[in-house]
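Each of the next two complexes has subunit A plus one more chain, namely subunit B in the first and subunit C in the second.
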Partner chain A sequence: MRLFRLTFATILRRKSWAICALATAILPFALPGFSMASERPVLLQPARIQAAWGTVWVCSLLWGLFTAARQGESNCRSGLGEYFQTTGVSPTRQWLELWLASLAYILPLVLLAAGICLTFAMPGDAAERAMWWQINAQYTVLFLLVIASLLGLAIAIASRFGSAAGFTLTLGLALYGLYGVGLIDNLQQVEADPLLQTLSRFSPQYRWADLTQRLYFKLGALPAPVFWKTTAYFVGVLAVSTAVSRLLFRTKSAI
Partner chain B sequence: MSHRTSHLLSLLLLGTGAAAWAWSAAGLATEPALRFPTNPLGVKRSPYGEVLAMAMQTPINRYWETGVEEHEEHEGHHHGPGETCTEGDDHDHPEPASASQGWFDELNEAANLRNNPKAAPPALKFWVRRQIEDQLRFAYELDPSHYGNYCAYLFFLAEPSLGTRPELTPSALALTEDTIRYSLARNDDPRPALTAAAAAQNGLGLMFSQPARYSIPDMRRLLDTLDQSLARHRELRDAWIASGQWGTLSQERRDEATERYHFLEQLRHAAAATIDRLARERGAP
Partner chain C sequence: MDSQSAPFIRLNAGLTIGYRSPLARSEREIVLTEGTHFLLARNGRGKTTLLRTLARTLKRMSGDFEIQGFTQYLPEELRFDAELPTAAAFRSLLPKARWNDALDLARRLELDTAKPYGRLSTGNRRKASLIVAEFSTRPNNGNVLLLDEPFSGLDAYSREAFETLWCDPRDPVLRLVSCHPDYDSMPMPSALIIEHGRILHHASPDQTWSSLKTLLN
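Our next item is the complex of A and B:
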């Protein structure tokens, strides 16, 4: 795990992770002051939930993907990848270690957001409290599965095409999966089209992992069969993206 | 790991992943627990969306003015940015706050000024109106219970020469119904009830514009909703006054709510009189 430790230490020394950590810790308490919660205290907790998970989404999609892409590119441009390969670390193992190091910075942010929801936005009702634990755990699992597949792709694409491509392509894919597929659904409601239907069926529906509105409107936890099916779906997406990443990842720069 | 094993592993991952993806996607696509309208970061209908909806008020006035001016130009009435308003203009151009603001406004207007001597083609005019309508809809969706944004959007939809949809009344009526439903579900603030009352009043206005299409009981039902909304406003406002929360609003906001309440009360009496007159004409109860 030498490459993991090296990558982890490199990101740690760059210190930009501190901005994300501070934003996740502070914004859920600062942002509600700029919302209607300042006029209606009953909205304080929903505003806090939204700020916490919204910040984690923004940090993961912008900072997380950018950092992963940068590490993927620098591993192959700096010659580190080639060096580790000569010491017997296979490309797949290198990709895995880079991926784990990037994920290690996203995991605390997600746990922090879930922790804030459980500590500072816990419903008063006993029945709702049990549901609150469950939905936060579900959200954590689904969020990590989504972001894990994207981080892996960002590293692999960046190692082959550069960090700019790694970052923008995965960010574009994430935004498409979160919001673009919803627009395709809307189009289909106006006029059903087999091409759009096929496109929607084979698009990664990351929006299913965004449970912010379920939390915010207190809709309750996902029913167990739906949650397991959604988990199977994202495990499938992760497996496909891992296979694509293995094929794309390279340890040496072509130039 | 040999090349052969490596390729096999990739194929295995692709195969099992695609199978799990396809198997679970089929059921999840129709799963109601996962169906939410597209809402980036959940901002629409959230406490942040409500603030953004308030902040959209100024752009809305600008969109509105652009739309109306574009329309008036079409009708033969137009004045450019440097010209003075003629009598009968119901929109004003505020004095710039400072010289730099004036310069900024001038640049802003210059960027959007059309100096092509040929008249704009109908397709462009339609596109401009559709853009304005989309912006108004976005502002409405941020907070459907916001009085100003709702009224601007509805007026745009209900005005045949401005709206871009083929049949206006049904979509405008659907908008009033959605607004009533959303605003009356809000028990945490007295002001959304006023938006519900305005929506009920607008619904009645749309019915009065085509009275043959609607029955007297339908109109009376909407009038009852208007009464319920005004009663809900009074009830919540009294509760807010009792708890001291009403006093936390600025004087302007309180005056605005009171003014809207009295205005809607007057419109309610006029609507009741119109329904009575239509009922008499039809010989209905």
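Our next item is the complex of A and C:
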């Protein structure tokens, strides 16, 4: 795990993770003050939920993907990838260690957001409390599965095409999966089109992992069969993205 | 690969190296064992290509070779993140038992390990990556170090310190070192030379750079 330790230490030294940690810790308390919640206290908790998970999404998609892409490119262009390969660390293992190091910085942010929701936005009703734990746990699992697949892709694309491509392509894919697929579905409702239907079917439905609205409106946890089906879907997406990432990932620059 | 016994590199006769077209070929079998071997050639004749081929990060064009030992190839352009202090790189990459030895050598070489890597001079950066390679060897195992231009940017004092370290008989290490020597009396008892598309091995106890450089034309 030498590459994991080196990558973890490198990200730690850059210190930009601290901005994300502070944002996740502070914005859920600061932002509601600028919203309607400042006049209607009943909206305070929903606003806090939205700020907490919104901040984690923004930090993960902007900082997380950028950091992963930078590490993927750096491993390839600095000669470290080639060095590790000669010591017996295979490209698959290098990709895995880079991916784990990137994910290690996202995990605390997600847990912090879930923790804020559980501590400072817990419903008063006893029945709703049990549901609150469940839905936050479901959100954490689905969020991590989505981000994990995107981080792996960012590392792999960046190792081959540079960090700018690694970052923008995965950010574009994430935004498409979160918002673009929904737009296609809306178009489908206006007028059915077989091409759009196929496109939607083969698109990553990252929006299914965004449970912010469910928390916001207290719609309750996902029923167990739906949650496990959604989890299986994202595990499948992760498996496909892992395979694509491994094909794209390389440890040294083209000669 | 069995790395329990003494390290060696065997280039079979007919081993051909190159990227797209052949650069050099070994005419006869060459066997290198524990100790330091220099790799000499003019620019663009295939030093890095040979090292990369031996490190298996580049495919050979034809022929075969064999390496026994835990292998590390140190590319010339190896670098760490600009904001990472060298001490943090050492802690991440080296076994805990060897941190103190590595930091001690860094101190003797006047390498400031607290300074971010990006603020080190070229020579100090080379010292950092060389220390990583030297202290990543596996004690009591055969080790093969393939070093690409490790002396570029190093001052004479540091180069001598590394050469002294290389004479330490405690670790069985085979070093193949590509370099452009800068003083005639530099001892080179074993040298691989790439010239006119051929890989040749010259070995003699009193061999120096002065006697070998005439072969590089």
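A few points about this structure:
We adopt the following convention: the second predicted complex is superposed on the first by the 254 of 255 C-alpha atoms of A that agree within 3 Å, B and C clash if a C-alpha of one lies under 4 Å from a C-alpha of the other, contacts with A are read in each partner's own complex, and residues count from 1 in each chain.
Keep this in mind: a contact is a pair of C-beta atoms (placed from the backbone, for glycine too) under 8 Å apart; a residue touches a chain by one contact, two chains touch by 3 or more.
None of these values were measured; they are calculated from a predicted model.
Contact with neither subunit B nor subunit C is seen for A:Q189 once the two complexes are overlaid on the shared chain.
Counting residues of subunit A touched by each partner, subunit B versus subunit C, the larger count belongs to B. Touch criterion met: A:R2 reaches subunit C, while subunit B stays clear of it. Of the two partner chains placed by the overlay, neither subunit B nor subunit C lies in contact with A:T119. When the two complexes are overlaid on their common chain A, residue A:V235 makes contact with subunit B while staying clear of subunit C. In the superposition on chain A, contact is made by A:T10 with subunit C only, not with subunit B. Common to the subunit B-facing and subunit C-facing surfaces of subunit A is no residue whatsoever. By the touch criterion given at the top, residues 2, 5-6, 8-10, 13-14, 74, 78-80, 82-83, 85-88, 251-252, 255 of subunit A touch subunit C in their complex. For subunit B in complex with subunit A, the touching residues are 1, 6, 9-11, 13-14, 16-29, 31, 33-34, 36-42, 46-48, 50-51, 188-189, 245, 248-249. Across the interface of their complex, subunit A is touched by residues 19, 52, 55-58, 70-81, 83-85, 88-89, 91-93, 116, 136, 146 of subunit C.
Subunit A makes touch with subunit B in their complex at residues 31-32, 34-37, 39-40, 42-43, 46-47, 50, 54, 57-58, 90, 92, 178-179, 182-183, 185-186, 200-201, 205, 207-208, 210, 212-213, 216, 222-223, 226, 229-230, 232-233, 235-244, 246-247.
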